[in-house]
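Before anything else, here is the set of structures, which you'll find just below.
Heads up, the next two complexes both have subunit A, just with different partners, subunit B and then subunit C.
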Partner chain A sequence: MAELSDKAREEFFSEAQEIIETLSRNLLSLDSAIKAGISDPSLINEAFRAVHTLKGLAGLFGAARLGALSHRLEDVLDDLRLGRVELGQDVLDVLFGAVEAYTRILQAEKADSDEELDVEQLFVELERIGAGATEHQSPVADYELDPGLLAVLTEYEEHRLRANIALQMQLYRLRVQFDLSTIDKVLEEMKERAKRHGEIITYLPTGEATSADTIELDLLMASRDDLATLIGSLGADHVVIEEIPRRARRSHPATMPPRRPTALGRADSVGMQPDLERGGLEQAASLRSLTQTVRVDIRKLDHLMNIVGELAIVRSAFGRVAEKLRGEGQRKLAAELQRLHRNFDRRLGEMQDGILEVRMVPLGQVFDRLARVVRQISREVGKEIRLVITGAETEIDKLIVEELSDPLMHMIRNAIDHGIEAGQGRVEVGKPLAGTIALNAFQKGNHVMIEVEDDGRGIDLARLTEKAITLGKLTRSEAQEMSRDEVLALIFLPGLSTRESADDVSGRGVGMDIVKTNISKLGGVIDVHSESGIGTKMTITLPITLAIVSALLIQAGQHTLAIPLSSVSEAIAFEETAVRLVDGREVITLRGQTLPLCRLDRLMALETAPYSASRRRFVVVAALGQRRLGLVVDFLYGQEDIVIKPLGKSLSAVRGFAGATELGDQRVGLVLDAAGLIEEVLAGIEAPRTLERASG
Partner chain B sequence: MLRILVVEDSASMRSFVRNALESDTRTSAGVDVVEASSGFEALRLLPRGPYDLVITDINMPDINGLELISFIRKSESHKATPVLIISTQSSERDRARGLSLGANGYLIKPFSQEALQTEVWRFLPRGIAHAKPHG
Partner chain C sequence: MANLTQSTASRLARRVGDRGPVREFLMFALAGELYGVELTRIKEILSPPPITMVPRAPRNVVGVCSVRGLLVTVLDLRRTLKLEERALTRRGRILLGAAESGEVIGLLVDEVKHVVRLAANEIEPAASALGGDVSEFVLGIGRPAGEFLILLDLPSVVSG
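So, the complex of A and B:
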């Protein structure tokens, strides 16, 4: 629709995304519930409501494909929640298929693409499920239910009532007095407790005994437990529970209305009169604050972060002015300014933390998606997989979470496809039939670590080496000198981790090299450990946020440059005499390992003083996974938190720079892209050679 | 100033309705749209009325739209407030129940902004609806 703004569309997409994630979570919970033999009708109803909402929104925003799928899915979920179709694994498979389709469609809609998405098969399957629907109803007339209550039940609620009656549940009415200000909390607690005894079917406001601050609700509940048990568990001052009697069989229709509660006769109720005298501004103000969350475009947070960065520059200027004053003998003024400086510094830090906190989302968001993938692949390849997730609550920058999904998915595909042995093979080597994939996340300082660990056969080092030799990535003699870790690192070379045959699962041409590139784009590194016959563990180390980077400020030639600390492993003093030449390249030996060197000033053609052996210089060791490069610099200034700003369009193609940042003294400094630089500089050398052990 | 209570659990849908109501050029008096994201929130907001119109979804968790309509019709201070149901095609039975409980009209989602504006207009107090812009 043309009249809808971009903002409205954005909001729609973001809500659609959330709804699809909710749906996915519901289906996963249903999956575990079925496996555990538990039935939780509210899960199906929530799934139905999610799709129902999505359908309405899709129509509103002209998202036809989203609407078409929602329409069909809603029908099936409606049959499921109304008990017309049984929920089994096969149905659940189709529902998971729908979630996948949603994800693809949403991406296409976001990109405004008209690409044909193949959903026909899914539609056919949804249709097939719907065709099996059967109607059966249990009588509600057996209970002395208030007709007024029956009239306000939605179709679903009425179905739940019938289903409970069919299961011979006893019906109860809970008349509950709620304080309007605390109703949400109190009700949630009550629902939680009620779950142990049965199901709350509906909540009906009575319209009686209500003042402006309280409200009375009738809760219709079905339970196996007797009245005394319920009163013991749910009873309270403001709760009156009574049994809804069954009608005597074959008797005359009962004339007796449902018993009225006696304990709580609030005869002096004042009804729902708005309290205008007491109201006024106070109430009007609170009216606006009922919704407590907002959705914000992450670019707005970036903008705020940039302002914080600029304030940080002002802060450093304070510091310099204070120093200057002190130098000029103005001690008192200098001390006062210093105090202000410290105060400003603290507040700015708080502000920075606050903005960062807003950007953080739990990794559980992406883990949920992965759980779905594991389930799907394990069924496709016929391997039984147990996914164990820890640390789903670990928080990381929203932008990083978005980009993590693909790399993690490939790693998991690899683990299931190549790592975990087929069932019989596992039993033969004395492992449990079900393979285990552990997904662990935890925070470590300013980094988040994510481990993907499987208990499969481990990486076959001999086969890996053979393949690398076949592909001409290294010679046989080079291979013989390589350490175990160096051989393992070969899986990150292009073409090494993709399978020969394009099979269903991971033969999609995406290898670990792409995974590694994607992770390093996020400023992260990936390491691999593998034990033959025991399993493989990949560890991703990521910065917690992309917005602020701790960097090492260095001088090269006349220029100050920043190197993100996440890619710096150490800095050492540089001795010109220690430099050796290997194949025409400058290297030094660091703890028995050869470290290729890169003279930053030369690389960037910065004007510089001639080299002399006497000048004291430094080597900053940049590391990307297991590849390392020594950057020769003139001076180390120290560590500083910087906000990286993108280079303009004309410079964006220049490799080796991640962006620019403002340095404390109003000057702009370039930020080195250590990952890109390592790739660039080491590109000339055959990759395995960089891993070569020092021969001397 | 017209006050309209919109009860709907989808934020996008609430925004859509709000935009439609606020962009209607016929309301010279202006519209104060109050949003409730659940039946409970609506119950909390009702005493802060009166409202010229309540627009409500049916399928909401806990307190559903039907219960809300029933409550409004029973309440001394709100029983005369017009109620407009917004629901999807599939909820035909629930929509019918809503009308029998005393709702004044319904719209089937999805609907255009114009359709909503036209429908809403039927329920507004004539004095306001026909007011001419000042000066």
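So, the complex of A and C:
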């Protein structure tokens, strides 16, 4: 790729990525449209425009491979939208292949690698589709159309005209006066209104304007409705609607109008960018709307969030000064400062919320990618899959979305491969032929829940245990003592896969253990439920954002520590006398259930506060998914919103901390990694020793 | 090139045409010895802010502190160099430098002195001064104006 500044490169990649995602969404919509038996020309058009824009972008940035693919893809899409090629599943397969190829090319460009990418096969297939293109005969001559108009039809408009005639639509001419200053807007509105009745195929200036400020256009429209309806809906003072009558049938087709790249009357609106010609006015419109948004590097938002954190420290200093003034008897000044302090506090809160809001993106971003994967895999393995997505609008931190794609993809692959039975197998047990995978997202308090659910055969517990025993992860006697949930949790062990052979789809050595690791890196947990013969449901619980979290501030030994509230279920008073020793481990009973204890000061070898039996202490109950752990602490300070900063690389080997945060007074407090602590302390309790080794 | 901080002795020791390039070192005191690190390696000198101890951290880590919002790991240079440990006085300072990984690290020292300029012939390479078996942290021995300065390689000190 040509030499570019880093910033321009970043822009290029994110823009290209966005376009490819748009293209992928379009293809998916086309896929469902075809399945429903609908043909929607606007979808093919959008796909065409996406590829066209990508081609321009590739040219601009000297990305030759991207350009070459776009060029060929554009030809095929052009054939499709002009009706020269029939759109079917096989063609869609090739188009989806092109999306994959785009992704690979983009990755290679990003890595600055000149590695040969095997896209030849794809090119051959694109060629093959193009070769099947046919030229249609024109029934257009049946209508008394103005030859001047016909001469300037673009190939696409001509195709739409033919298609509408084929659908037995009636043609109308609308002669409309436009004010030059508002023509763009009014024309768009007319097109929009016309959609209810049919479509506006083209327009051409008549050259008979009544004043210098107006322009008169002839609009060619196809509609299923009669003239009276149209006049009722579109008619106005400046609009004259006429029906275009059919000619008496003639035996020979009229000569095809020559292929003209641009309709004359519109040259002014697209003339500046001749390469956009095929996209026409609509594209110019979409370019305008894009200027409403800006692309921002997430690191810049992190930086802003840091500044908010520092301002919060300034705010506390304000508060202290106000206190001091009051102490010195300066009541009036103190009250004034206190008021400023409160005002500052409120605004700062708004700013923090604002920045957080900017970081939020809908989960739909990643769900779209998954829909593509589902389609691809289901065709590869020959299982019919219905993907049902709910809650795609649920918002979550951009950083989390990026990291979710791989784990979710893996879960879905597992569901298709291991979960959903092959077609005949489903029919035999009375299930519908098409398997269903549901992808549900919703917000629950400060968390986002994502469920991946299938209606397949469920996890075979016996086989799972057998496999774990074969792999030496546990002994047969240990297996017998395990509860159902414990057995289900075995799927998170490395190397476990209930399929015997590694195949194309899953079982390639990376499995649910990687999924679980990735999810916990995001501060989330994953739970499994499975019913034999009914299906499997995996639930991921994630924090909404990584940038700012509510935390409980506690004192342990001489340390002030923070525990993210998302992993705290409650805090209770600690009574030394209630502690029981089970197998050398301290536990208490909380509402009839055993709660393992962990004395933070001992675990962390903190300098302990001087011991006194009368001093009140507390138990903070940390809970993640099904597992709970009581942390014995010396004092509870209360709740605070904190910005967690990771510990430096030199401390990466230190376990038990998620990072650190500023506490005000320039002091830094460590943030406990509740998931890590629970894992560490409970590993020896809930699972046999061999499991501890396997998961450690 | 006139430099008033350099004494007559060092000027005498200088032989014309044999000086080599001049490098600037920051001189600081630690456990009764004088040390130097190349000035360009130091990002900032700080009065120590409150430092939070990190349980389970390696022994030479004092803890973490915040420098204008940036979380910095602070190392005790006495512990890294296996010197006798002593509490900081009010002269104690933190030198900020970058580790090989790019992470910003703070180094706790007893007292910061001043900047010295050393020509190549005023630096004894570690191997010739101390023999082959010397710590990777030591660049060499600097001898400005009759003083004895242990020159440290900051990136390897903060990375090790």
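Quick notes on this one:
What we mean here is this: the second predicted complex is superposed on the first by the 426 of 696 C-alpha atoms of A that agree within 3 Å, B and C clash if a C-alpha of one lies under 4 Å from a C-alpha of the other, contacts with A are read in each partner's own complex, and residues count from 1 in each chain.
Heads up, the rule we're going with is that contacts are C-beta pairs under 8 Å (C-beta built on N, C-alpha and C of every residue); 3 or more make two chains touch, one makes a residue touch a chain.
All of these numbers come straight from a predicted model, not from anything done at the bench.
Shared-chain residue A:Leu204: touches subunit B; no touch with subunit C.
In the superposed model, A:Glu11 lies in contact with subunit B only, and not with subunit C.
In the superposition on chain A, A:Gly309 contacts subunit C only, with no contact to subunit B.
Once chain A of one complex is fitted onto chain A of the other, the partner contacts of A:Thr53 are limited to subunit B, with no touch recorded for subunit C. When both complexes are overlaid on chain A, the residue A:Val94 reaches neither subunit B nor subunit C. Shared-chain residue A:Val186: touches no atom of subunit B or subunit C. In the superposition on chain A, A:Arg667 makes contact with subunit C only, while subunit B stays out of contact range.
Annotation for subunit A, partner touching more residues between subunit B and subunit C: B.
No residue of subunit A contacts both subunit B in one complex and subunit C in the other.
By the touch criterion given at the top, residues 306-307, 309-310, 559, 604-606, 645-651, 653-657, 659-660, 662, 665-670 of subunit A touch subunit C in their complex.
Across the complex, subunit B meets subunit A through its residues 9-13, 15-16, 19, 34-37, 39-41, 43-50, 58-59, 61-64, 66-71, 74-78, 88, 90-91, 93-94, 97, 100-101, 109-113. The touching residues of subunit A, when paired with subunit B in their complex, are 1, 3, 8, 11-12, 15, 46, 49, 52-53, 55-61, 74-75, 78, 148, 151-157, 180, 183-184, 187, 202-205, 207, 212, 215, 217, 271-275, 279, 283-284, 287, 290-291, 295. Every residue of subunit C that touches subunit A in the complex is listed here, in rising order: 49-58, 61, 63-66, 68-69, 71-73, 75, 99, 101, 103-105, 158-159.
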